[in-house]
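Presented below are the structures under discussion, each in the form of structure tokens.
The same subunit A turns up in both complexes below, where it pairs with subunit B and then with subunit C.
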Partner chain A sequence: MDSNLGYAGGAPKARLPLLQRIGTQRVVRFLFGSAATISTLVIVLMLVFLGIYAFPAIRFNGLGILTQSVWNIGDQYGSGHVVRAGITAMQGAQFGGLVFVFGTVVTAFVAMLFAVPLSLLVAVALVYRVPPRLRPLVNAVVELMAGVPSVVYGLWGIVVLVPFIGQRLGPWTTEHLGFLPFLGGPAGSGNGLLASSVLLSLMAMPFMVATIRDVILAQEKSIFEASMALGSTSWQAVTKAVMPSVTNGIFAAVLVALGRALGETMAVLMVCGGAVGIFAQNIFQSVNTIAAVIVSQLESALTDPTGLAQKSLAELALMLFVITLFVNIVARLILHGADRSGEA
Partner chain B sequence: MRATTLRNRVSGQFWWAASVVALLLVIAVLVAIFGFVISRGLPALKPSVLFTVTSGTSGGLANAIAGTFLLVICGVVLVTLIGIGTALWMVEFANPSQRRLVRFAIDVLAGVPSIVVGYFLYVALVESLGWGFSLLAGAISLTIIMLPFVVRAADLALSGVPRALRDGAIALGARPATVTFSIAIPWAIPGILTGLLVATGIGLGETAPLIYTAGWSNFMPSLAPTHSPVGYLTYVVWTFISMPFSDSHALAYAAAALLMILIFTLNLVSRTAVDYWVLRTRGG
Partner chain C sequence: MRKISAAALALAFVLTSAGSALAATKMLETGSSLVYPLMNLWVATYQKKNPSVEITTQSTGSGTGIAQAVSGVAQIGASDAYMSNGQLAQGKMLNIPLAISAQQINYNIPGLNNAHLNLSGPVLAGIYSGKITMWDNAQIKALNRSIASKLPHQTIIPIHRTDGSGDTFIFSQYLSFSTPSWKNGPGYGTSISWPAVATAVGANGNPGMVQTCQNTRYSIAYIGVSFLNQTNKAGLGFAALKNRAGRFVLPTASTISSAAGTLVGKTPNDERISLIFAPGANSYPIINYEYAIVNPKQANGQVANELKKFLNWAVDRNGGNSAHFLNAVRFIPLPASIVEKSRKQIASIKG
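Let's look at the complex of A and B:
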């Protein structure tokens, strides 16, 4: 590396005279240090703030938030109140989040069922089958796909995907393949589990493809070549030699993608059908997720004079936060383990 | 491993074909989405749409365009200060365990669902501090979303400053602050800039954290930091497509096309201009 000092320009000795007198280093260190604490501070504040705010709801709902499926902010026009655990709510109020937790987990899980095998195939094709000249172009396409806003995926979902599922795929499948599990019964409007999961998998793929491509490229080429030299076919070399050496990286990528799918809001909100109080019986029916319900229910929650509906949404947000936090920490632990084994 | 049998060869060829088909499929879907948005959006993007404000569910996008730019610019300014400050502290001052802690925090922050950030800020800023739906609350939500992208890029770029360059400057008698500001930062600027451009693209496309922080407004944004809601383009895409009027659909398509064009351009700039700059300044 040629140490090209020229562009550093004139030495800025005169630039910070005052600072230098009171100790530039200390001031700079303090400023940068305060910037660096912000990320940690935001996380702690988020947990504490949501926790304190949601506390009355946590006490009122108890375990019901995870076991009940009825979400009802109560009778706004009656004068009755219920008091539970010392917390006042409107008559008939019940905040069960099971439908939303179910939807969150199932949409993300089905999305991963589509996205993980496809991403593995695409990443392998990218590394071994795309001619070097085309590689930057394909990489740019993958990167661009990662930058598409979720509302644009949602727009395409509403206008193209949902009618396709509702008018063609759903009716055809339930009629001809209805004997299979999760494929029978009414096909619904197209808004639902399948549409949400297809969008989630499309949104998860660019990240997974890019990450898996990078971990494969970071592995030594020698693994592939050694396996070939031992007489395996190129596909065997990839699946039996290269892939096992990068399992940790792939797992971590899948977990990070899963965390994002669990928390994705807009695209899912636009095509999930907004189920409240009902569970989908097949992959075509309406679902709802924690993230989507926070957006779609907040307006009505604001009409609750006791504020408990709003606080129950905060409890759901806190739950979503904890779930994604857990998934991301596991991903990090796996990656960390991979790093250490790489050093050894 | 056993010698290759005919069966292995055939199945290998099958899977290679499948992988290429998967790649083509993914590219086809992207092209389809892109084509769909542009083909519906461009005809709707008339000049009048760019210069009139929304009225009810029709009119134009001037308020949303101005609002998006205002929110993103404020967010980028904040994230530049905080993000680069964080990365500089990590690289120049922190000891390894502090660095690990901040990297961990950044990873966690990157994984927080954007709606959780939005709801937290709604409770904290909009309600508790009484700011109402506002520019500042919206910009702060974007800052939190963009921060991990900027810190990671700046961390990577600053860590890549050649040791020899730093040592050389120190040997010539430069103070630590001089090394930071005149050696490390100029060297890392292309990487930092790429991170900022990527983050800007993310900010342009965000919706969930803005719904309950920036709110929505049919009017041009006032420059008041609080108590004045701000409109933005992604809101138009989200809400106007669900309305039963063709006018509002046209606006949704126009907003989506505009977003895609902006993000595509940013992507292109960050790929080409920054590479060109690196070549120029480092004499590749």
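Let's look at the complex of A and C:
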């Protein structure tokens, strides 16, 4: 109370008119405006820096980084060099990133195959089926899942998921369901596409559940109730009336989650099997993602005296950056469109 | 994360050494996960006797060890591989042998893990290049006549290191020196372009190799001998390897010493030499010097002196090279002539 009294005293009174003169609105606008500018500027600067740093690699590799699948930093102990486009690399150097682009896209895509239907079901259940008194608990669990560091998911993957897939699920599936596409062939070690995608879907789910739940809640409940009043079952009401009205929101949520899955590093690195030069033929084989390969190859790249291996990793990073940026921008545009149509 | 923590340590090191001369001299050792178990034993004992120095050890892989010794983040970069001419052209670095190590080929074949399969360089090259895909392949059977009928018709899962690794260096050297097609193909290095094998799996560090091999039936892996206790505990088998003389030998103190004995005399003054695929009937084919990669120009005299003291202790038969330490990790001590050469290199470190 004392401090409050003091505050109500002389000094602040003298200050108030000043703030009024500048205009609270303007101050706030300036603060928010500069914060927004800085965050945009940081992204642009990162792009520029990566671009400049990776430029020799971009020239050396050309389109090869997208079309070739051999990643070879070159003969470290040989004395030869190879020069292309005026850029020097170690003899035999070849930086083909197709395997990593493939792994990045496929792990994220398969993760979405698991995560999207599950998240939809959980979100719908949260809105319409979970009793109101249990809702805070379920919401808390979903948010807790979002807060778990990815290395913890990775550790669980190594200790529980990988042995389970490698010793039970993989051998059983390839033996009994091997005639189906992507399920036949060698069962692998458990490290690979399936393990990576399961972890990614677990990490993507909390965000998707929360977003889809909010999108559904944002729609007026009347749609659901009106549909029920017209005699539909609750399943019909959800699938035929509610869902079509929130498709855009869900799609955007999926894209944002996809953007995160594309760049997820640690957990994937721990269970992906570090594939080199090979494209997984089934869901059990080793894969490698751009993010994982940057981490696992960085120290090898540091031993390249020409420095081109590092710069090629930077080029990969640039590609990942552009891919995720693109996915995020599309997601924002769709969300923005959804908001507009909601207003209209 | 490793880099960040290493950078933080380096920063702490700079701050403290600038702050007061009385504080303990801090040094960072990083690199080879094969040397790490030994460094742990060494540092614990050494620091008890020398409270004026504080050494932090990290298991990060030989690639990082070399890179961080060059960049100055670490005072000692531990590596199973000596540096290449190309790397040394960037700036002078010392390659100081600390001990002699070896590498075993581990496998996980239920029922055969106590049998010590016979394997050769060409067969391993065949496995790692995807030409030999089944454990009951005729070439493997031919090397293991007594247990040929027990070899399972199962797909081999070759495990390799994904990080820059001295173990990859010595393993790929064994394949290169024994198999012309490997030499002209992937070749050798701390990081090589592995042939595309559908079932291949990458693992991180020696601990990752042990774990993946243990988790994966019908897999095969190359793992540093300092992890032999762990691989035995994990129930993995280890192979007898075909040496240059055509005999199959297991990695024991006797076979590692024999191999070293044939090649140490050829060690040059900068001590960069491969001990792989040594001649001699009793020589184990995958042995190597474990190197401390050190910058001859250290940050200041105090660090240089403490570093020299520690390295001289490490190569001493009554210090770090005593049986007490080396037996625990199955390394063998440096021969006297190599200790002399290492001491000469250590003496050239300046502040």
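Definition applied: the second predicted complex is superposed on the first by the 307 of 344 C-alpha atoms of A that agree within 3 Å, B and C clash if a C-alpha of one lies under 4 Å from a C-alpha of the other, contacts with A are read in each partner's own complex, and residues count from 1 in each chain.
Note that contacts are C-beta pairs under 8 Å (C-beta built on N, C-alpha and C of every residue); 3 or more make two chains touch, one makes a residue touch a chain.
These numbers come from a predicted model, not from an experiment.
After overlaying the two complexes on the shared chain, residue contacts for A:I158 are found with subunit B and with subunit C alike. In the superposition on chain A, A:L98 makes contact with neither subunit B nor subunit C.
In the superposition on chain A, no contact is made by A:L183 with either subunit B or subunit C. By the touch criterion defined above, A:V70 reaches subunit C but does not reach subunit B. Judged by the touch definition given at the top, the superposed model places A:F49 against subunit B, while subunit C stays out of reach.
Number of subunit A residues touched is higher for B, counting subunit B against subunit C.
Contacts of A:A36 after superposition: subunit B is touched, whereas subunit C is not reached.
When the two structures are aligned on the shared chain, A:I87 is found in touch with neither subunit B nor subunit C.
Once the two complexes are overlaid on the shared chain, A:M228 sits clear of subunit B and of subunit C alike. Judged by the document's definition of touching, subunit A residues 158, 269, 298 lie at the interface with subunit B and also at the interface with subunit C.
Contact residues of subunit C toward subunit A in the complex are 3, 60-61, 63-64, 66-67, 84-87, 89-90, 155, 157, 159, 162-164, 187-204, 211-212, 215-217, 219.
Partner subunit C is touched in their complex by these residues of subunit A: 69-73, 75-79, 90, 92, 94, 158, 162-163, 166-167, 185-186, 188-192, 269, 273-278, 281, 285-286, 288, 296-300, 302-303, 305-306. Remark: subunit B residues 1-4, 8-9, 11-13, 15-16, 18-20, 22-23, 25-27, 29-30, 32-34, 36-37, 40, 81-86, 88-90, 92-94, 101-102, 104-117, 119-120, 122-124, 144, 147-148, 151, 162, 164-165, 168-169, 174-178, 180-183, 186, 198, 201-202, 204-208, 211-212, 234, 237-238, 241-242, 252-253, 256, 259-260, 263-264, 266-267, 271, 281-283 touch subunit A in the complex. Taken together, the subunit A residues at the contact with subunit B in this complex read 1-5, 7-9, 11-13, 15-16, 19-20, 24-25, 28-29, 31-36, 38-40, 42-43, 45-46, 49-50, 53, 118, 121-122, 124-126, 128-130, 138, 140-145, 147-156, 158-160, 202, 205, 209, 227, 230-236, 239-240, 256, 259-260, 262-266, 269-270, 291, 294-295, 298, 313-314, 317, 320-321, 324-325, 327-329, 332.
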